[in-house]
Structures are given as structure tokens and as C-alpha cells.
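Note sheet for the following structure.
Labels for the chains are A, B, C, D and E, by order of writing; each one numbers its residues from 1.
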Amino acid sequence: MNNTGENTIPLSLRLLLMVLLTVMAVGLAYAVLSLPAQAPGLSVYAVENINISGVSNPVTAVLLNYRAYDTFLELGVLLLALLGVWSLGCAGCQHQSSPGPVLDSLSRLLVPILIMVSGYLLWAGAHAPGGAFQAGSVLGAAGVLLLLAGWRIHAGLAGLPLRIALVLGVAVFALVGAVLILPGGQLLAFPPAYAGGLILLFETVATLSIAISLTALFLGADPDEEDAS
Amino acid sequence: MSYIFLYALVGMGLFTLGLYALIIHAHLLRKILAINIMGSGVFLVLVALAARTEGAAPDPVPHAMVITGIVVAVSATALALALMLRVRSETGRAELDEEPLSKFDD
Amino acid sequence: MNDVLLLDFLMTLLLLFVPGLPLLLAFPALHSRLPWFRYLALLPAVIAVAIPEAHSVELPWLLFGSELGIENSSRLLLAMSVFLWFWVMVLLPAARDRSEGRPEDKYSTVFFLLAMTGNFGAILAMDLVAFFVFSTLLGYSFYGLLVSGRKNKARRAGRVYLVLLILADLLLFEVLLITVLTTENLEFAAVHQSMAQSDSLTLYLALVVFAFAARAGIWPLHFWLPLAYRSTRPAVALLLGIPVVIGLLGIVRWLPLGEISSPELGLIIFGSGLVAMLFAIFAGLKMAQLKMLPAYAAILVTGLFFTAVGAGLADPVIWSHYGRFAYVFIASLGSGLAVLVFAISWLQVRRDYPARSAGYADDSNQWVERWSGLVVVWAGNTGFDTLPRWRVWWLAKMRHLWLLIRIWQRQMGVYERSLQRWGLAITLFLLLAITITFVMASAGLSSSI
Amino acid sequence: MIEMHWVVIVILLPLTGAVVCFLWPRQTVVSGLITAVGLFASVLGLTWQVLEQGALRYAVGGWGAPLGIDLYVDGLSLLMLIVTAVVGLAISVYSSAYFRLDRAKHFWPLWLFLWAALNALFLSADIFNIYVTLELMGLAAVALVALSGGANALTAAMRYLLVSLLGSLFYLMGVALLYHSYGSVDIAILSQRVESSPAVWVAIGLMVAGLLLKTALFPLHFWLPPAHSSAPAPVSALLSALVVKASFYILLRLWLEVFPLTNTVPGQFALGQFGLAQILGLLGAAAVLWGGIQALRQTRLKLLVAYSTVLQIGYLFLAFPLASIIGWKAALYLLLAHAVAKTAMFMAAGNILFYGGHDRIADLDRVAQRLPLTLSAFGLAGISLMGLPPSGGFIAKWLLLEAAIRSGQWWWGLMLIVGGLLTGAYVFKVIGYAFTRSDLPHEPGFVPKRMEWVALVMALLAIVLGLFAPLPLALLEIGSPFGESLR
Amino acid sequence: MNWDTWLPLLIVLSSLLVALVIFVLPEDRSKTRTTLNLGGAALKIVLVGIMVWGVFNGHHYETRLPLLPGLDLVLRADALSMLFVALSAGLWMLTTVYAVGYLEDSPHRSRFFGFFSLCVTATVGVALAGNLITFLLFYELLTLATYPLIVHRGTEAARKAGRTYLIYTLAGGALLLLATIWLYTLTGTLEFTARGFLSTLDSSHHPVLVIIFVLLITGLGVKAAIFPLHGWLPQAMVAPAPVSALLHAVAVVKAGAFGIIRVVYDVFGIEFSASLGVTLPLAIVAAVTIIYASMRALFQDDLKRRLAFSTVSQVSYIILGIAIVGPMATIGGMVHLVHQGVMKITLFFCAGNLAETLGIHKISEMNGVGRRMPWTMAAFTIGAFGMIGAPPLAGFISKWYLGLGALEAGQDWVIFVLAGSSLLNAGYFLPILYVSWFKEPAGSWPAERCFGRYETALALLAPPVITAILALTLGLLASAPFSPLEWARFITTLEYAP
């Protein structure tokens, strides 16, 4: 690990690279500076439709209503990453270290606080900065902390229940989104009356899925398989 | 010219620097970090320019894009790190398997 | 007017030089002084072939008064001859090598040039006498060529040829006498006219046919031809078609074909032609060596020619329809025989040459070696011996090229691996992005100006 | 009558399938196969719908562009979906026999995710959404490459992941610049608004370069041969047949709709595109030569096939300088034919590897006698790749040559001929050794019949494509993605 | 949707389906395979017979399937195609019988017969092709279907021969493709039309047309084994005897020659070709091929190689006949298409018999073989005399018309080519006859096998005897109705009608 590997690039190439990167930086800067001073963005539309979006925070409205499809796919990416990591079968890749007393007590202290913060962020997302991802990552941090402290998921839960929790976000999005088609609507088209409630549902399941996925990613291998091996 | 553009320029700078590091460093961890820095540069550009209209509220759409982007980046990084660990356990070193480039520089 | 006269003069000069220059150059003393004399001798003939103009020149001072001329049909024959002679000259040993060489080579060069004179002259000749003279020159110098070969069999072929040659000359002398008795003018056209009415027509016809048959090696007077093909060196073998060609040309020129009708004689000649063809096929089957194949081919084709002449004698209408092709026929016969000789000697060399020469592991290089080796051996057989030096030079080049290809091939692998290096690849990627941007920008800028 | 939302179904179905496979690993093969068949049927449904109604636009969430995300189906995207469905079904059947359960339980969810990503990508009309699908596709592909384990595959996967992320980031930076210039990420809206400006120049530079990197156009092909050759056979097949094509598809979409910077007569070059087209054409020609030469040099079968992909990608880019409807159609037909043929070829290579345990070309040791079906598949696929009649490759080559000669730029057509001859050389290099006896005989293993037959069916399909060209070509006309017809 | 539109397709399918079924047939089901093969062949002969009768009575058979917008896959029966279809259908039957006998108990017969049938499918497709693209399609199919037959034995030599074959034919195919597309972009049509469809083009296109002509002829000339593109043919002799018979007499070489006929007559038109000045060079190339290959043949000791060079030489007769512009020569060329096929297949069958029965591969091993296998050698003798052009055999008819044609067209040099070639033919065939009839046998044969009643297996003996009789009949009864000669005359009236 002491080898940074920098010296494998010959000087000539490195000089060429510097020149090219400078050119690129100049070009990028020029492009940015040439942009119109007035943003031609979509804020007008976003604000126009905020009343029927079910939330008052425009960012959340974009994320979970206007472009909820992106969010859906992105939950898919997270799940996929987990599948990928599990498929690598990296059991034993990570060093197991027993937690010290400080970490142990800190985790006992911090985890409840993190759960509370996460809940707040989830709720605040409707009208202020916050939302499922922020909440999910805080909750995920709590999970990581627990893992560091030596906690492992109960063997009985490591199989199907864990998997259900992991796919919860994607599954609920797909299911509800598809159900919304039935009365003659489009995929993920929320009727304004139910929009607020649906978004809260989505945010909740997304938070859970994200948190558990992040924790599982940190663990690095399928706990079910890990037990088996 | 708004100070907002300065943020955007910094984002571009991060993008460039990340690219440099991605090319120069052999260790995979550094490469992965470099990719993340490049990503941060892009996100910074997206977010900063969203607020460039003076007096108006920032455009929410790029914000949402960045949040999506961050989750994607996190997922990709997680996979990359796991893969790196596997490469290291399989080959003994966390580098792409190649001869040093200087061998061809004559 | 002056221009026309000048042109006329130049053409006359040219026609004289066609046989004249080879004759001049036949003097051995000139050979070591003139570096390219062999090709120089061909030069006037080449020019004459190249100028598409009919021309004739009266030479009242030559013998009983002769005429040389060229028109389209004889130009074809001349072209064919020039082609053959050119190859022969290429194959002759270079002067430098010859000076310390064997004395018989020196003689053979003289014979070659004399034969060339006879050949060209006979083609240009427009009257009986000139033709007789030139063809006789050809005949005797050809005998020389045959005999100057070091093989006993070649000598035997030469002896046979000489006997026939002498016989034919005697007969032709008779013919000339008969003709002169009939008419003063010995130009072909005039002779045809007067002989057609002559009482001695049949005799004239019979003698001419027999004589030229002997010279051209037509069955049954063919004995020398297979012998010669079998025994001479390739350079001479290439030329063996020449006496045959000139013999046939003599028949066409001397006989008043298309103007007379002589069914009996026609039938005989036709019949002998048929028999000759059959003979050629069956004798050809039994032939001892492949080298003799051209001889039997010649017998076959001359037999075919005889059937045509026979038919033409029997019915002049046939000849007046098809007679114009006689020259084409003769010309293709000459070149065809030469090509046959070429091909056979090449094939034989190929067969005899060892299939694999050790030393080079690679197929394609060996292939080059083998083929160039074949060329050298073949040329050596025909007496051309500067090739080995070229071969060494050429092979060195080829080996170098081959090496380059191999290096290049390996280099392709090295390039691909270096393209797969991360640093270089991403740099290229960056370069591409920048290039695309520049292309777009330059187009954008140029349109906004 | 309720309108069927086939557009949505072809995205949701594979995702659902992936989730089901993930939840119940023991039944993964069955669920996967059912999903694949269902998906194939759904794409047929969508095709039928589009044939009935013409090009479709679907506003997800009911918002519509610019605020929401639109899905859009025209002939171009439909063709890509069909290619994916056909190849996908074949790969599913093949994989059901190829993997043992311990691998299969990882393979199926990843593969169905990949399929969903591809479908979503081809349907998307939103360049940011395309970024998300691109990442989804890239990560799934990387995980699949790593599936075979071993140092080579893992390193190749790592390299592939870095390349994929780098390309995506360049693309995303371009998206950022376009959005901040014109306030939309919808392709249709952008195509009306985009004009020549510095930000657009840079955006085009970044996006094109990023996509070329992902498409592995020479000289950016460096990641492809190791990744495609070390992956499991069905994965190699789908990478070569589909994944590299996805980024090509995006490039083509952008090229046709977003990059023309001034309104011009269809079939003519817009501002700046001419120079770029020449560059792409040159790189394509270089790829044809380079890929062909490198393929000839290879001693391992799968590497040879992988380099053949490099060559074939070069073909696709020859259509750019021709800039005619025939040219584009030719490129897409080539894409179709190559996808099918290359699938068959990788499957055949996989069978040989499965059978003998190695893929050294010189030691193929009478595979012709032992695996006749497989070798037939290889040969037939090779015919299509060479572009010999009757085959899909021939039709494509014919059209491309016609376009080249019509546009007066016959030299691009010459590259097709050269490429065809190079392909012939390396295909028959393999086939020749398959007939002869080797000093190092195989240790014969057992190849499931299903794997042999699937390969053969795909190869036959590649041939049949040469006989039924009018249908796919007519399909491409829907929504006239290439502008109005010139003929 | 009636009989007339489906008959051409049926003829193609009659062997294609057989091929497909045979491919999946287990190796040991040899009875079924033989029945299928012979059944397909018989069916094809019947269908072709119907079609010949129909074409003669002015029926129009055409199958048209869409291939590309504006381009169809066309199978059409015209007088010219019937000549070739009838030849291939008839000889396929005999070759199948022969191959069944030849390959008895050898491995991989399913593969062999599958490709064998595929090969004939392609040949029939080439014959019936109604436009250039259809022709190209079947032409390439032919290349690919023959490759497995050539490498069938799986030896190193076979692999090399296969490689050579592919290098030649694929390169030729590429040229053909290029020229075809070029032509298409010029004219927008590729339909074969009597007297061509190019003469109406603007004269500014003529230089391009000359280039296209050269490309087409070079592409086709590879299969037709025109010098210097003939290199693959002698090498391909490593293939089993029925394959050689098929390659030389029916399929590959003939497809090339037939393609040249098509290009000269139905794409360019003979008069237009002549006005472009491309026919004379073609004639010269053909003449050179005739002489060169005959000379090469003289030196071969391997019987099959000698026959191979003989093929190279003889096929160029066809091309020579085409390139001498004139009705008589055309008759000669076309009739030789059939006659050469019948005679050459006889010779190859006989060579195969010698190899299979006695293990004889070389001429130097043939001393006195006429006593051991009189029927085979009698057939061989007839074939050989036919090749030399001895009356009244089929070859004489061809040469007679070629000669007449040459004189008629004022191309007298051709006579010498013909005469020289005859002499050379005699030179390489007659010694074989001499040694096999008149020399004493050397003792034991290299590898003798016993076949009971006859000198060899009946399936091996019958085909050459039949084709030999055919070669004799074609010469004796040349002017009978429906003889190839009469048919060629019929075609010629279509091409040269005022």
C-alpha cells in the first residue's frame, strides 16, 4: 500500500496530460461563464404546480412527484449495488475488529439520537430541506455504528425478512405506481388529493430501504451466506 | 458576474483535478476517490448554477438531480470498493493489472 | 514537297536498316565496343513496326533488282519476330562475361545476328530473289546456331537440317529459273500473274511447295525439327519457330493462291496436311521428352496450314475468302511455338528444382526463395547468368521486408497493450473530448463570423 | 377497453422479476424464465401497439415535459427493444442451463435489472433520466462480469467499472451544461432550443466522448476485450450484443435530435456535425482495421470474438459521415444483425469452453465432429458477421455500401469490404482448426443440449434476418427518427 | 398464388429441405438418409422436367419474395437457367448414388450429405436466380456449403485446401458484391434481362461500366477458375471423389461460368459488351487459361490433379465461347457448359473408382488397370476422347461450334488455341489410356478391395457408365429435340434476335 503508483506514468505523458487538462479546464470555465445570467430553469413550473404536488418543499416535489420516476430508478440502483456486492461474495474481505469500550458506549448513546434525527428529517422533508435520502442516510449511519459495535442481524431475520426490507422501496414504488394506472392514470401519477399521503408512504419505505441497504453495503456480504460459510 | 459562478468554476476545477488523479494514481482506492471528486465537481456545478438568477429562489430541479446523483454515486462507490477488496484478495494488490506505462515510453 | 521527299528518304533508310543493321553488327569486332549492340540491332525493326505506314523501296542495284517493302500483314510478322528476338537477346550472355568465355559463344552471337538479318529481310522482301536470298541466309546461319551447341544430338539435328536446306535451295533455284523464263519481273504480284498463265504452273507449284516444306519442317520432311527441339539450348529453341514461319511465308508469297485452280495438286497437299496432323498426334504421344512437344505442335499446325493451302489451290474462292488470315496464322504459330518452349522449360525447371530448401522456417519466405531460385536456374539454362546477382540483391530486400512484417506484427501486439494502459487510454479519451469540442467550436465560430 | 400500458410494463416487469428472483433464490431460474417469456410477449404487445398507433409519447406521473419525465417510442427505440427482447430471451434460456444455482441466484436478479435498465434507457426521452438508466445498466454489467470470479475477470470488471463511471460523469457534466443553458432535459424540447454556443460545444464534446468511451470505439476500446472475454459466456453475449449498443443508441439519438445546431434539410449536415462525422467515420474505419488485425492475432477464442466486437462497432460509425437515411437504417440493421450473430457466437464459444475446458484456438481438436450444432452456430454467425448472403449482416452491408456509393464517399464502403475479408479470415481460422486433430486433446465435458440449440437458433436467426429485411426496415420508419425520407 | 409462381421455389426447396432433415438425422440411419437423398433428387428431376416442358411452351415461372425495399429475391425460369438447372438436377441424382456407394461406412455422413444437398440447393438457386442479388446470395451460399465438403476429411491438407478455397472465393465474392451494389446505384435495378439492361445508360457511365465489368468477371472468375485465379481448384482435390465430381462438373466451377454468361448476356448484353470493348480481353484471358492449364495438366502424375487442371482448361472454353461475339460461338460455349459437365463427371467418377477399389491415385500406378476394371476404364476412355474433341462425342460438338463461331466472328486466332488445346488434351489423356490398356500390370495394386460380382460396387460403377453413354449420346444425337445443342440454339435465338 506504500506504493502510490504515481511514478508509473512517464514524465512526457504527464506533461501532455497537464496541457490537455489545462485546455479542458479553460474550456469548461469558458462554457460556464458563457451561460446566460438568468437561469432558464424549471423553477417557474415547479412552483406553479406545487399546490397539487402534495408537498410544499419544491425539491421534495421534484424528487417524489414530478420526477418520481428518477427516484424510483435510483432506488433500483441502490438495490442493484447491493446485489452486486453480494454477488462478489466478499465474505471475509473485511477485517473484523472487536469494538473498544468507547465505541460500545458511544453507539448506545448515539443510535437513539440518530433514529430520532432521521425521523425528524423524514417529516421535515415535506416543507423544508430534508426527506427520504437524508433520513435514510442518517438511519444508515446508525446501522453502521451498530455494526462497528459488533451487532449482527439475528439469523432468523437474515433471510427473507432482510431481503423484503431491502426491496421495500423499489417494490412499493413499483406496486403503487402501477396501481395508479388502473383508474386510468399514468405510471406514478398521484391524484392531488392523495399526493401528500402517498409521498409520505414512499418517503417512509424509501428511508427504511435506504438505511438498511447502506448498512448492508457496509457489511459487504449476504449475512445469510456469511452464516453458511 | 455573480459570485455563484465562482462555485461553478470550483466545481469545474474539482472535475479536472479528479480526472488528473484518476489517470495518475495507480492504487484503486485513489482512483475511486478521484471518481468521487469528479462527481462532486459535477454536482457542485449543477447546484451552484441553479441559484444564479439573482433575487429568485434557486431552481429545485437540479437539487433533486444532485440528490439522485449522490445516491447513484454512493451505490457505485460501494460496488467499486467491494470489487477493489475482491481484486486485492485475488491478486494481492489493489491495482489494475498492467505493466508500468514507462515501459512503452522510448 | 520537300517534306514528302524527306519522309520518303527516311522511310527508305529505315527499311534498309531493318536487315542492314543486324548485318553490320554481326561483325565480331564491334561487339566489345558497343555495349547494347544486341538491342541496337533490333531498333530499326522496332521503329518499322511502330510506324503504321505501308512503304516500299526499289533496290535496282541489288542482284537482278530487288524490292523491300512493308505493309500490314508483313508488319505483323515483323512484330512477332522482333518479339522473339528481343527475348533471345535478353537471354544471350552479356558481352562482359563472354569476353573470357568459350569461343563458340562468340560464333553463336554472329550466327544469331545473321539469322536475324535473314529473318527480317525475308519478311520485307517483295520479290522472289530477295526472299530467296534472305531466307537462305537465315537457313545457313541457323545451321550454325544448331551446330554451335555442344551436344552431339544437336549436331545431328544440324546435319539433317543442312541436308534438307541444301535440297530446298536446289529446288528453289530451279523454280527461279523457270520463273525467269516466264517473266522478267520477279515481284511477287507480277510472278503470280504470269505464272497463272504459264504452262509450267504445276511444276512451279510442286517445287515451291516441296522446297518450303523441307525448310519449314513440314511432314514428311520434318526430321530435323524434333531433333532440334530436343537437343538445343532454350535460346535457340525459342528461335526454332523462325525457319518454320519463313517457310510458310514463302509458300504464301510464292504461290499464286486465289488466282489459279489446281484440284489434283490441291488434293494431294490437303491429304498430306491431314496425314501430317495425324502423324503429329500419334508421334507426339510417343515422344521421349516433353521438350519435343513444340516440334509436334509445329508439325500439327503446319499440317493444318497445308490443308488450307490445298483447299485454296483446289478452289481459289476459298483462298480469296480466308487467305488474308494466313499471315495471322503464321505469326501466331511463331509466337505460339516460342511461348510453348518458354513454358515447357519453365515447367521442367520447376519440376526438377528441389521443393523445399532448408534455412527459412517461414512458408512465404520460402516461397519467394523457391520461385526466384527457379527463375535463376531457368535463366541459367538459357545462358543468362547475371540473374544470380540480382537474386541475391532481391532476396536481401525480401528478407528485410519479411523481417519488417514480422516486427510490425509483433508491434501491433505491443501497441494494443499500450493502448490498454490506463493512463494512455484516458489521455486519449481526454484528447478526443477536446478535439470534438474544438471541431464544434470552430464550426460555430466560423458560421457566426 | 382499457389501454394497455405496454411501455410501463416492459420496464416494471423485469424489475419485478428481479425483485422476485432476489427474494426467493431457490426458485430464481423459474421466476427468471417466466419473466423473460413475459417480457418478450410484452415487447411484442408494445410492437403491435406502436404499429397500430404510430410513435407513442408517455408522460410518467402525468406531468409531461419539461417538468416531468417522458417516455417515447418510435421505430428506433422499438427496434432496440425488440433486439433486447430477442437476445434477452435467448440469453435467459441459455443461462438457465449454464449457471449452477450458487451462481444463478446472483445472475438472475442482476440480469433482469440489466434488462430493465436497457428497456428504460431505450424508452427514455429525458437526458437526465438516461443518465440514471445508464448507471443502472453499467453497474449491473460490471457485477455480471465479476460473476465468473478469478483475477482476470475481477480486474477486468474493475477497469470496466471505472471506465463506465468516468463515461457517465462526462455525460452528466454535459447534461448539466445543457440544462443550465436551456432549462430542460427533454430531448424533444432541447432539439428545438439548442443552438451554437460555447456551453453546447463543450457539452457535445463531453457527452460524445463519454458515450464513445462506453461504446468502446477505437482507440477507447481498451476495456472491452478483457471484460468481454473474461465474463461468463452469456454475460459476454449480452455485453457485446446489447450493452455497448445502448450507449451507441444514446449517441445516435442525440446526434439526430439534439446535436443538429441549426435547422437544415434532412440528410444534410448541420453546423459542426460535418467535421465531427468525419472524425467518427475515421475512428470507425480505424476500429475496423484495428479490431480485425487484433482479432486475427488472438490465440484464444473468446478474445477473438471480443475483438470482433471492436471491429463491428467500427462499422456502426461508418454511417455517420454518410448522413443518409439508408446509412442510418444500415447501421441499425447492422446493430440488429450483429447483436443476434454475436450472441450466437459467444454462446458457441461458451459451449466450446464448457466442453473442453479451454478456448485455445489451435487446440480446438475436432470440435466440428463433437459439437456439430455449436460449430454450425459459430459458422452461421460468422457468415452474418462477414456479411455474406443470405444473412442479416449482408443486408446491412448492402445498404451501407449503397449509402456510401450514393453519397459519393465510396471509401467508407471500402472499409466494409476490408472488414468483411478480415472477418472471414478470423472466422475461418477458427473453423479450420475445429476440423483438425490437436496434439492436446480436450477433456470432454458435457454440454447441455439446450445451450447448443439456443446458440444454433440465434445463428439461424442471424441468417433469416437476411431474408426478411423489409419488416424491420419498415419498423424503423415509424415516427421517422431519421427525418423525412429522401427517396 | 399458383403453380407457376411456386415451381421455382419448390425446385430449390426440394433439396434444401432434404439438407435440413439430413442434418438432424442420426448418423446410423443410413437407409432413411439414402431414401431421402434419392427421393429429393428424383422429385427435383420431375419438377425440372415439368419446368423445361413449360418453358419450351412459353410458360413463365417466377417466384418473387421481397428482400429489401425495391429489391426482390427472384427465382425465374428462363431458357438459359433451364440449361443449368437440368444439368445440375440430372447429375445430382447420379452423384448422390455414387456418393452413397463411395462413403459407405465412413464417418460423419449426415454432415456430408447435408452439405451436399445444400450445395445443390445453392447451385439450383444460382441457376434460377432472376436478378443479380439473388444470384449473389446463392453464389455465396455455394461457397459456404462447399467448404465443409472440402475439409470433410479433417486432415491438415484438407484444412489448408479449405483455407485457400476460402481466400479465393471470399475475395471474389467481395468484388462481386461491390460491383453489384455499384451497378445498383447506377441503374436502380438488377433484374436479368435478355440483351442486358445497361445499354440505355448515358455514355458518360461507360468507363465505370467497364470497371464494373472487370470487377464482376474477376469475382466470378475465381469460381470459374480463370487463370490466374484458378489456384484453389487443384488444391481442392483433397476432397472425396464425389465432391470433386460435384465441384468440377456441376456446382462451383459451373456456377462461375454460368455467372459470366449471365453477366455478359443478361446484365450487359452481348452487343453492348462488345461495344464496350471488354469481350476481346475476356477471350484472350480464356485462351491463355486454356493453354496454360493444359500445359500444367501434362505434368501432373496425380490423376485427380491432372483432371483438375483439365477442368480449368475446359471451363474456359465456355467463357471463350461467350467472349467471341457471335451466335455460333455462343452455342458452342453454352453447349459446352453441359457437355463438359457430363464428360468431366465421368472422369472423376472413374478416378474415384480407381482410388476406392484399387487404391490408385497416380498415373504411374495405372499400368494395365484396364484389364482389372474394364468398365470403368471404358467409361474413362470415352470421357477422355470427348475431352480431346474426337467425333462423334459430345466434346466434338462443342469445339466444332466454337471453331465455326470464331471464324464467323473473324477471330481466327481462336482456331489455333483450339487446335493447341486439342493437342495438349491428347498429350495428357492418351498416355493414361496407353498405360492402362497396353502396359503390363505391375503385380499387386496399392490397396485392393473386393466387391464380389462386379469389378467394383454397383453404386460406384453405374454412374460413370451412365454418364459415359450420355456423353456419347449427346454427341451422336446432338440435333435431336431438347438436346443441349438444340436448347443452346433456342437460347441463342433469344439473345441474338434482330
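One rule holds in what follows: a residue touches a chain if its C-beta (ideal position, glycine included) is under 8 Å from a C-beta of that chain, and two chains touch if they have at least 3 such contacts.
All figures in this text were calculated on a predicted structure; none of them were measured in a lab.
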Query: Pick the pair with more C-beta contacts: A-D or B-C?
result: A-D
Query: What chain lies farthest away from chain D once each centre is taken as the mean of the Cα atoms?
result: C
Query: For chain A, which other chain has the most distant CA centre?
result: C
Mean-CA-position distance for chain B and chain A (Å): 17
- prompt: Rounded to the nearest whole Å, what is the centre-to-centre distance of chain A and chain C, using the mean of the C-alpha atoms as each centre?
  reply: 92
Query: Roughly how far is chain C from chain D, going centre to centre by Cα mean, in whole Å?
result: 65
Field: Rounded Å distance, chain C centre to chain E centre (Cα mean)
entry: 37
Task: Can you tell me which residues of chain D touch two or more of the remaining chains?
output: 128, 132, 135, 139, 142-143, 146, 149, 159, 166, 173, 179-180, 197-198, 201-202, 205
- request: Specify, in ascending order, the residues of chain A that touch 2 or more different other chains.
  value: 8-9, 13, 17, 21, 24, 27-28, 32, 35, 39, 41-42, 46, 66-67, 70, 74, 77, 80-81, 84, 88
- prompt: Which residues of chain B are in contact with two or more other chains?
  reply: 15, 19, 22-24, 45, 49-50, 52, 61-62, 65, 68, 72, 75-76, 79, 83, 86, 96, 101
Statement: Every chain pair meeting the touch definition is listed as A-B, A-C, A-D, B-C, B-D, C-D, C-E, D-E
Residue ranges of chain E touching chain C (in the complex, touch as defined): 291-292, 295-296, 298-299, 407, 412-413, 416, 419-420, 423, 426-427, 430-431, 434
Task: Please give the residue numbers of chain A that touch chain C in the complex, ascending.
output: 8-9, 13, 16-17, 20-21, 23-24, 27
Statement: chain A partner, complex, touching residues on chain B are 1-2, 5, 8-9, 12-13, 15-16, 19-20, 23-27, 30, 45, 49-54, 56-65, 67-68, 70-72, 74-76, 78-79, 82-83, 85-86, 89, 94-95, 100-102, 105
Message: So in the complex, the part of chain C that touches chain A is made up of which residues?
response: 423-424, 427, 430-431, 433-434, 437
Field: Contact set on chain C toward chain B in their complex
entry: 414, 417-418, 420-424, 426-427, 430
